[in-house]
Amino acid sequence: MSLLEVSNISKSFGGIVALNACSISVEQGSITGLIGPNGSGKTTLFNVITGYERTDAGEIRFKGKPITGLPPDKVFRAGIGRTFQLTRIFPRLTVLENMHVAVQRHGTTSLLSRWSSSHEQRRALELLDFVGITQLKDMPAGNLSYGQRKLLEFAFILIAEPQMILLDEPAGGINPAMIERLAGYIRILNSRGLTFLIVEHNMEFVMSLCKHVMVMHRGTKIAEGEPEAVRSNPAVLDAYLGE
Amino acid sequence: MGPVIEGIILGVLTGGVYALMSSGLTLLFGVMDIINIGQGILVILGAYLSYVLEQHLHIDLFPGLLITMPVMFFLGWLISFVFRPIKRDRMMLSVLVTFGIALIIEGVLNLIFTANIVSLQAWYITASIPLPGFSPPFYLPYIYVFGFALAVVLLAGLYILVYRTDFGRSLRASMQNRTAAELVGIDVEAISSITFGIGVALAAAGGMAFGATNGFDANSAYDLISRLLAIIVFGGMGSLSGALIASVSMLVIEDVVAQIWDPHWATLVFFVLLVIILVLRPQGLLGKVEGRKQ
Amino acid sequence: MRIFKVVALLALLAFAIAFPLLFPNGEVTSIAFFTLLFAAMVTAWNVLAGYAGYLSLGHIVFFGIGAYALALICKHWNVPAGYRIFLLVPVSGLIAALIAIPTGWVALRVRRHAFIVITIAIFFIGQLLAENMTGVTNGTTGLDLPFPGSWGGQFFNIPFYYAILILLLIAIAVSWWVRHSKYGLGLLAIRDDEDRALGLGVKTEISKLSAFVIAALIIGMAGAIWAYFIGAVYPASAFDPTFDITMALMGFLGGIGTIAGPILGALLLEPFHQYLAADYPDLYLVLYGALLVLVLLLLPRGILPTLQDYWRKYQAQRRRIRIDNDVVISSLPEQDEPAKIKTEGINL
């Protein structure tokens, strides 16, 4: 069953075509990889899906319902979480406070109450423990190292219990041990039903983690399939080497 | 029809002078991310300098610019150093820092000149040309034309500097992407300081023209800066052409309204235009759309 | 530690309540009035500027609106001088708040830097309207407020002092509540990274607008109390641009984004302002401007946050000495990824 369906999305910036009638679909419960040379439109696609950019044409459906053109907060509340290439956390808030920003509450009582009930505190601490940074909980997030920030960003998206997470180059800029660690978290969460769509340049990471891989080039999908098949696809090799 | 044409003519002529004063302001924002609230009082300072030269040394206003503009350039260049140590939150702090500097200058001017309204004197301020085809006759003081000519010359010079010289290219690069410019060897700090100097020198010229057409004292700076800010937001912060178009169009509309309705409400219309543009197009006429940061 | 804090705060409160009785001198209570006035305004202003990071340099427009609102109500309903006028203060504040809604909506259409400029423009629009709507506001002639002649001599300042003290306490309560609520967390997130906050479900538009309006409400009420105290409103006095900059300076000096910072800033600056401004207005401007520049360059985060930083560094130093063999994690920022990697046995 397709959790996310992107149909014929086009997006141009001035004269530059970033997305050209791009269509992809992500199976529920999968860990899907999205690769392609620089400039192929992967991040733009992420931005369009999550509402940070508007599409010029095309449609996006999540769980069958259209989400095209929704602003970022509505996309998030629909159940899609997203990380950024250069981690975006809230530097002046503590790690624990960072966790609570994304906590969802319903109704007007939400605004008037304290920012963390005991139940939410527990959940936040659980997640911090999961990624192993509990001891940093009172530290201003701006003081965290790059790797720790990645973990924090990962954790605070989870707190809202999304159904799907878009990871933008999760393995970028961190050491192999940390990469393994992240891969481990992804596998565990996936086994509990979370769907992942991962943009990555680190081929090993993609190959070992993803059952299904899509390749983008010049704003559109040029190949997809199992990692091994994609790796040896001549069109894909062309795209990477030809430029 | 007569009053409307009068309003348009006046608006264009004074708009040119406002363009002169606001171009420095918008350039500074573009290259240094600084909102110079002190631009108003610096214009007044320029006016006072012209006043002193004219009153005590009997140097005519226009030749006097040869002295006031370099002096003010140097002042602006000096002031820019205050901002060098500020790395983060430059924009927010700059507003308050420039306001502080403005207060200092205002206090000093008040101490020296007291709160008496002064205005600049010259033959071309009182003498005027009768324009044909108007009844009642429309006498246009020469100063408006000379002031406009001055603005045109200086703005043309600025245009050449920004778009046709190496310095200008480095300047535009710094405006578009500071970090990238630094990486290719452009001394962004030095460019910023020079730009600050240019902006203040232009303010001096504008000050002379302003002081020749309006009575002023240090308190006039508040009204002036609020107009200049409205102009650059209307035109799009950081856009030179935007400042130019905004200056002329806003002044024309204001002067036409003053002619056919009421001068008091005309000033209000000026600001209402700002509100309208914000509702319809928040980035200003020629400003860049604030895309969501990804 | 906590008990100590509570006791200290209660003592401070008791002192504030007893102040006019301890120092009944009219000049002193007058300075105290203005100090508390600014403390209340800056505290409210801080909700928008400090928490959400949107620096408004025009909120005094609501001060003026509140002032004129009270003057007009008293004039048109022939309200007699006395304590009852204080009941109209919240009404004036509400009027300011209602006007703040569309105003804020327009102003917040732009991001932070243009926002600062817009607020300045809005302020001047307000002043111009007060000057030009002579039918309503009497233009530059101004409006008078009822004068409570029965409050003679030294007693005169006292009701105003307590009125503004109550407003200050309300402002502090609001600031405290916002800071510790989910709503306030959203504002702080907006300050750090607005788009990221939006992407995490924070309703940024409503949050910013409500902060804008809350500040306007309290500042409007301050304006009303001030108008009654002074006895008359004029466009130039009710819409005084230096008030805006004074608020900003106090906020930055004390520590923007904290609860007590604005109050500290007001306590430090306002007596200085009142004392100098009357007799040496020009010298005051020069000194004031110089002080502003110095504070911003040397103490950009303000006194309280800087002190908090020193305290935290001191504590970190002490802790570093105690942790020596804790291999798993260290809480020092410069430490790298932990040596142990756990990926089994995790509960979600």
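Note that the chains take the letters A, B and C in the order they are written out, and that residue 1 is the start of every chain.
The criterion applied here is as follows: contacts are C-beta pairs under 8 Å (C-beta built on N, C-alpha and C of every residue); 3 or more make two chains touch, one makes a residue touch a chain.
Quick caveat: nothing in here was measured; it's all calculated off a predicted structure.
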For this session: Taking the mean of all protein CA atoms as the centre, name the chain whose own CA mean is closest to it.
Result: C
Exercise. Among the chains, which is located farthest from chain A on the basis of C-alpha centroids?
Worked result: B
Exercise. Where the CA atoms of chain A average out and where those of chain C average out, how many Å apart are those spots?
Worked result: 40
Problem set entry | Interchain centroid distance [CA atoms averaged], chain A/chain B, Å | 47
Seminar exercise, completed: Cα centroid separation, chain B vs chain C, in Å, comes to 32
Exercise. What positions in chain A touch 2 or more of the other chains?
Worked result: 52, 72, 84
Seminar exercise, completed: Each of the following residues of chain B touches two or more other chains, namely 292, 294
Seminar exercise, completed: The positions of chain C in contact with two or more other chains are 195, 198
Problem set entry | chain C-touching residues of chain A, taken from the complex the two chains share | 50-52, 71-73, 75-77, 82, 84, 88-93, 97, 100-105, 110-115, 126-127, 129-130, 132-133, 135-136, 139, 143-145, 147-148, 156-158, 160, 174-175, 177-178, 180-181, 184-185, 188-189, 192
Exercise. Within the complex, which stretch of chain C touches chain A?
Worked result: 180-186, 188-189, 191-193, 195-204, 328-329, 331, 333-338, 341-343, 346-348
Exercise. If you look only at chain C, which of its residues touch chain B in the complex?
Worked result: 53, 55, 57, 106-107, 109-114, 116-118, 120-121, 123-125, 128-129, 131-132, 195, 198, 241, 245, 248-249, 252, 281-293, 296-297, 300
Exercise. So in the complex, which bits of chain B are touching chain C?
Worked result: 29, 33, 35, 37, 82, 85-86, 89, 91-93, 95-97, 99-108, 110-111, 222-223, 225-226, 229-230, 232-233, 237, 264-265, 267-268, 271-272, 274-275, 278-279, 282-284, 290, 292-294
